[in-house]
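Next up: some structures, all given as structure tokens.
The following pair of complexes shares a single chain, subunit A, combined with subunit B in the former and subunit C in the latter.
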Partner chain A sequence: MAGKIFIAIDRLTSTLDKLSAKIDLWVPAPLQTDKSEPTGFVPYHAGMVPILDRQSTLPPKKILLPQVETLLRFECRKDPQNPLKGSVSLDDKMEVRPALVFGARPCDVKAFLAIDRVFTSGPYVDPYYLERRQNTLFATLICRQADEACFCSSVGCGPADTEGSDFRVIPVDGGYLVDALTEKAQSLFDSPADTPTQDQEVQASQVVEEASNNRVGDLDLEGSAAAFRKRFEDNDYWQEMAAPCLSCAICTHVCPTCYCFTITDEIENLRGERLRSWDSCMFYQYTLEASGHNPRPSKLNRYRNRVGHKFSYMPEKYDGLIGCCGCGRCIRSCPVSMDIRQIVGRLKENAFESE
Partner chain B sequence: MIETDTMQLHKLVEEALPELDTMIGWAAGEDPLRTTPVFIRGAKSIPRLILSPFCAQNLTGYLVKPPALKPADKHKKIGICVKGCDSRSLVALIQEKFLTRDSLRIFGIPCRGTVDWRRVMRQVPLRLVRSARVEGNHLIVDDAGGTHKLNLENVLARKCLQCRYPNPVVCDVLVGEAAVSGVTPEDIYRNVDALEKRPLEERLAFWQSELDRCMRCYACRNACPLCVCQDRCIAETRDPKWLTQRMGIPEKFLFHFIHAMHLAGRCTECGECERVCPMEIPVTLMKEKLNKVVEEMLGYVAGLDPAPIPPLLTFNPEETGI
Partner chain C sequence: MRVNKFLNNPYLPQLATVQEIIQETANIRTLRVSLDDKEKMREFVFRPGQVGQLSVFGAGESTFVINSPPTRKDYLQFSVMRTGEVTQRIHQLNAGDQIGLRAPLGNGFRYEDMKGHDILFIGGGIGMAPLRTLLLYMIDNRRDYGDIMVLYGARSPKDLCYTYEFQEWKAGGVNLVLTVDSEFPGWKERVGFVPTVLSEESPSPHNRIAVVCGPPIMIKFVLFGLKELGFEDHQILTTLEKRMKCGIGICGRCNTGSRYVCLDGPVFSYEQIKGMGEL
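Presenting the complex of A and B:
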């Protein structure tokens, strides 16, 4: 059985049709069929044409970490004979089906490695995330579309990075060369398929080599984690950096690595659900305590948290792992054109001069 | 002309600086199609200020949204650049007593329309944009793929194509020559009119499908200078609790329509809510519809005159419009 196949452009859809019969398939596509933008990862349906020529507006994060999910359902039953007595039943069954994410980019896939450390490396392991993680394969597209907002090479990723991927999808003339990288991936290739020609293989290795040599972004993070700690109480710095911020929370919503969540009980009468949903450090309610006190009362504190979490707390806690994949979505989507690269970059300036 | 206007602004700000605590304007952004708000506190930073058709942000929100920018010294003022639509937000905020007129030094910017970078990208998927400028009725952009000449009408923000007030309705000084609005009375509510012609079921389906994309990031609310409930928004309060955390259309409907209702007769159609929406939902359209109702029923247009009390903020038993 071959570890590599060639999918001609005009056979992409029929190949995906076949794949989707075996496994739940997610592809980047317009979120609404009658509009070309915005795009995100959607469940594949027969005949669909995935968008592979540009980065999607939204990353595939929600496939492993849904924006809202039911952790458990509960119901309280009262004993009609004795109203003081009652019982509570809990149901935390979850169904996870094997899935394949086709056409995510190296940054999108690498982002999950950061989330993995938080949700699966202990001491507490999140069974909901873990179950989906173990059942999801990634076919990662070698990226040739880096733009001015991209900086994946600065944060330990790169346009040809395949860490965390099960396949790599290499764009070549007339189609894609798909390379199985893991055993799980091999098993999906059991049906006879087109083996790539010698020429295609040569071209694919050129594409990979070119992408590997492409250094995307020039942010130097050496010493940034420590610089953040030193600057933590430099209110002038944070005031200046966060001044244009609208606290609009777009950055955290389009971010492939932001994973903060909140848990709420949604109750109607005697039954309800415990939900986990995305939170955002840009929100006033983030870390708001029951007493009414919030250790991060202003946008200055909250914006600082976003920078510190990704570029200081995570690398210091997880052996240098940066909580950012360099996809540039927060930069591209920011309505006031804030650039996290500048804010992180300037942390190391010796004397910060406020205007 | 843009260059001369920018130079004139630099000169005016320099002159005004002694009486200003902070000057809010626009500076170059992430790429030539975008700008970023800039807060000037010393003469050294004045050269950062720019005026261009890319100065999209309405800066008035910084005066009222926490942490609202207030002069440290009571005798000083906050300087601010406003386009026509932005100036109407200022008027509305003064009307509602969030601001006082004499605490501000207003630099009025006549506006010939702002460029919506998403519409530009829809015309040509640009990469590595080197420069962008408006020449007559065209936007000229240079990027890795060469020079692109785009029709201005196809790249201006939707709100600009129906704007009646391109010149600031309130200001201390006008920078550059006044602009002339080319819109006809039919243009003003043309998007609302087009939607209203469709049957009820279609309109419902339209909003269901648009709001389905909403991520509940609340960027529309947080960018709106007149969304003044601030941290007490019904979308998030836990006591009382109005909305679940679910991502259903009912939750999104409730949030968006309450947002719109709270702005009825107050919204100045600066379009920030729609501009910032990462899901490209035409959220200003809801407010336009309500403004149309208010204008037809009560003959009132928001943000033009600081004197009257907005009709929905008062109760008049003699009201004849209804």
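Presenting the complex of A and C:
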């Protein structure tokens, strides 16, 4: 059976120090040295204290899908024999190092299962994402900090969900009980580890049970996909829902399941790179065509697309998979306090009257 | 540390060389290209209507239909209207220049299902490009298809592409109806917008498949016109265009509803796209 260890609070840093010698370690921590907020996942360095008492402002999405990454490098040349001809050489080598993400929450980890379907289930497989995915382990914190914006249980996740996790990290008195869940996870936290006491084990299972029984959020998604399709052309509804939206795209930026990207070239002195960068469907330019035509010209169209993508298009395309992990980050970060739960929840109101 | 060379990276273009460039109109150029890997060029299999991503390294990638037919494989042909950054750079290419190509992508036309039918092509401006590949395929397999009519319109005679081929199309048994938006000195063909000329011609929907491509506004009114003539939704095919990036159904950009134009399209029947909005 999978091994268990106890990490006392005062030994957390030394344990992480040892781990980081074996593997690239990512932990939640402040993103700026002089401020406690915002937080996000950063490469661990010796002596660092991870923030485990609250959800990180930004999810660990960038660890598998970097905000900017190089897809290829190219070099353009002139043929010395015939200067009218330009030639090119390409190189798509990439480096992937084994990594461990310590302290992500069940919602954060669940979100990758949605991205997995898009990036790795075909017909085309994204090799950059897949390589990182296969080389990254997740030590997931059982979550006891759900707040008013959280709704993970509404979207098929939950505070004790371990799907996609290689370890679960259970907060107990005086430290954390770390429980290996997968084959890949076994060898990582080896000697000289503290075996948990009987009491700690009992307490850990109580924490897990309590978290498992905690239903976070009361959004009922039954029938929402059908209601969305029904409501698609109800412009009054979308006008009202999208009215406050500033098209600032923070909701997609902080979203652990939003994965849309753009591809651009950068070149300097005949050498350059093709880059992949996060993009957002909230931007007017996202769908703007060179001709000037834009299939989603207004924020009504764009907001409707975001809701549709997560709660109707993805479920339709991927066997009911919801493109939302219920982490609540879009709600917390929205400058005009838009709440996707209300917008999705209200889809069903009167939506079937016209039948 | 691991260094990994992908054997099958769908983002990695194949290198190709521009063989020839044809200036079609003031802002449209046709490129004839072939893959540098001769074996891959020989083995290159595609359907009419499938697209390719052309790369000019340093400027980026854009999607264009392969407008030559699979029956003519001396080169792969793309017609490019100069409208943005990448197309500007494509227009600066010379014969002999190396570019990148990711192809074939998308679904293409199901020409097998069209056998034995009469065909009506309706194209506007650069929208003739995706029709050309299917048209030439049908000309090369002429006996498999019934009556073929092409209704092709542009703003002015100077904005028509492939004018040097019109004789060949006619010789291939195509009823070619050309129209321009307004009178032009020396123009002897039809004058008027494509939807208007369509209702004047009023081809019978009986056993006929209509294949439509052009600017969104033309498509919109041609669809009305075809419905008025009695065409059923499944008898109308169109190829859609969207801003695309990955071309392989991942980046999330070119969807209408749950379908991606790059992967599930660009060819759709009107039955499939009706009510999807955001076209």
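As a working rule, the second predicted complex is superposed on the first by the 346 of 355 C-alpha atoms of A that agree within 3 Å, B and C clash if a C-alpha of one lies under 4 Å from a C-alpha of the other, contacts with A are read in each partner's own complex, and residues count from 1 in each chain.
One rule holds for everything that comes next: a residue touches a chain if its C-beta (ideal position, glycine included) is under 8 Å from a C-beta of that chain, and two chains touch if they have at least 3 such contacts.
What you see is a predicted model; the values in this text were computed from it and never measured.
Q: Putting subunit B and subunit C on the same copy of subunit A, do they fit or clash?
A: They fit side by side.
Q: Between subunit B (first) and subunit C (second), which, if any, makes contact with A:T262: first, second, both or neither?
A: Both partners.
Q: Could you say whether A:T39 touches subunit B, subunit C, both of them, or neither, answering first, second, both or neither?
A: After superposition on chain A, A:T39 lies in contact with neither partner.
Q: According to the stated criteria, A:S165 is in contact with first (subunit B), second (subunit C), both, or neither; which is it?
A: After superposing on A, A:S165 lies clear of both subunit B and subunit C.
Q: Looking at the overlay, what does A:S247 touch: subunit B (first), subunit C (second), both, or neither?
A: Only subunit B; A:S247 stays clear of subunit C.
Q: Look at A:S291 in the shared chain and tell me whether it touches subunit B only, subunit C only, both, or neither; answer first, second, both or neither.
A: So A:S291 only meets subunit C here.
Q: Could you say whether A:S224 touches subunit B, subunit C, both of them, or neither, answering first, second, both or neither?
A: Touch status of A:S224: no partner.
Q: Considering only C-alpha centres, what angle arises at subunit A between the directions to subunit B and subunit C, nearest 10 degrees?
A: The angle comes out at 90 degrees.
Q: With both complexes superposed on chain A, which partner does A:C76 reach: first (subunit B), second (subunit C), both or neither?
A: Only subunit C; A:C76 stays clear of subunit B.
Q: Could you tell me if A:S154 is touching subunit B, subunit C, both of them or neither one (first, second, both, neither)?
A: Neither subunit B nor subunit C is touched by A:S154.
Q: So if I take every C-alpha atom in subunit B and every one in subunit C after superposing, what is the smallest distance between them in Å?
A: Minimum over all C-alpha pairs: 6 Å.
Q: In the superposed arrangement, what residues of subunit A touch both subunit B and subunit C?
A: Correct list for subunit A: 262, 264.
Q: Show which residues of subunit A lie in contact with subunit C when the two form their complex.
A: Listed in rising order, the residues are 71-72, 74, 76, 79, 82, 84-88, 90, 92-97, 118-119, 123-128, 131, 232-233, 259-265, 267, 272, 274, 279, 281, 286-291, 293, 295-296, 301, 305, 308-309, 312-314, 316-317.
Q: Quick one: in the complex, what on subunit B touches subunit A?
A: Answer in residue numbers: 29-31, 34-42, 44-45, 57, 61-62, 65-67, 118, 122, 125, 127-129, 209, 212-213, 215, 217-219, 222-223, 230-231, 236, 238, 244-247, 272, 275-276, 278-280.
Q: Which residues, counting only subunit A, touch subunit B once they are in their complex?
A: Checking each residue of subunit A against subunit B gives 31-32, 35-38, 54, 57, 67-68, 145, 147-149, 240, 243-244, 246-250, 252-254, 262, 264, 266, 275, 277, 280, 283-285, 298-300, 331-339, 354-355.
Q: With touch defined as at the start, can you tell me which subunit C residues reach subunit A in the complex?
A: By the definition above, subunit C touches subunit A via 1-6, 8-13, 15, 57-62, 83-84, 87, 94, 96-100, 215-216, 241-243, 245-246, 248-258, 263, 275, 277-279.
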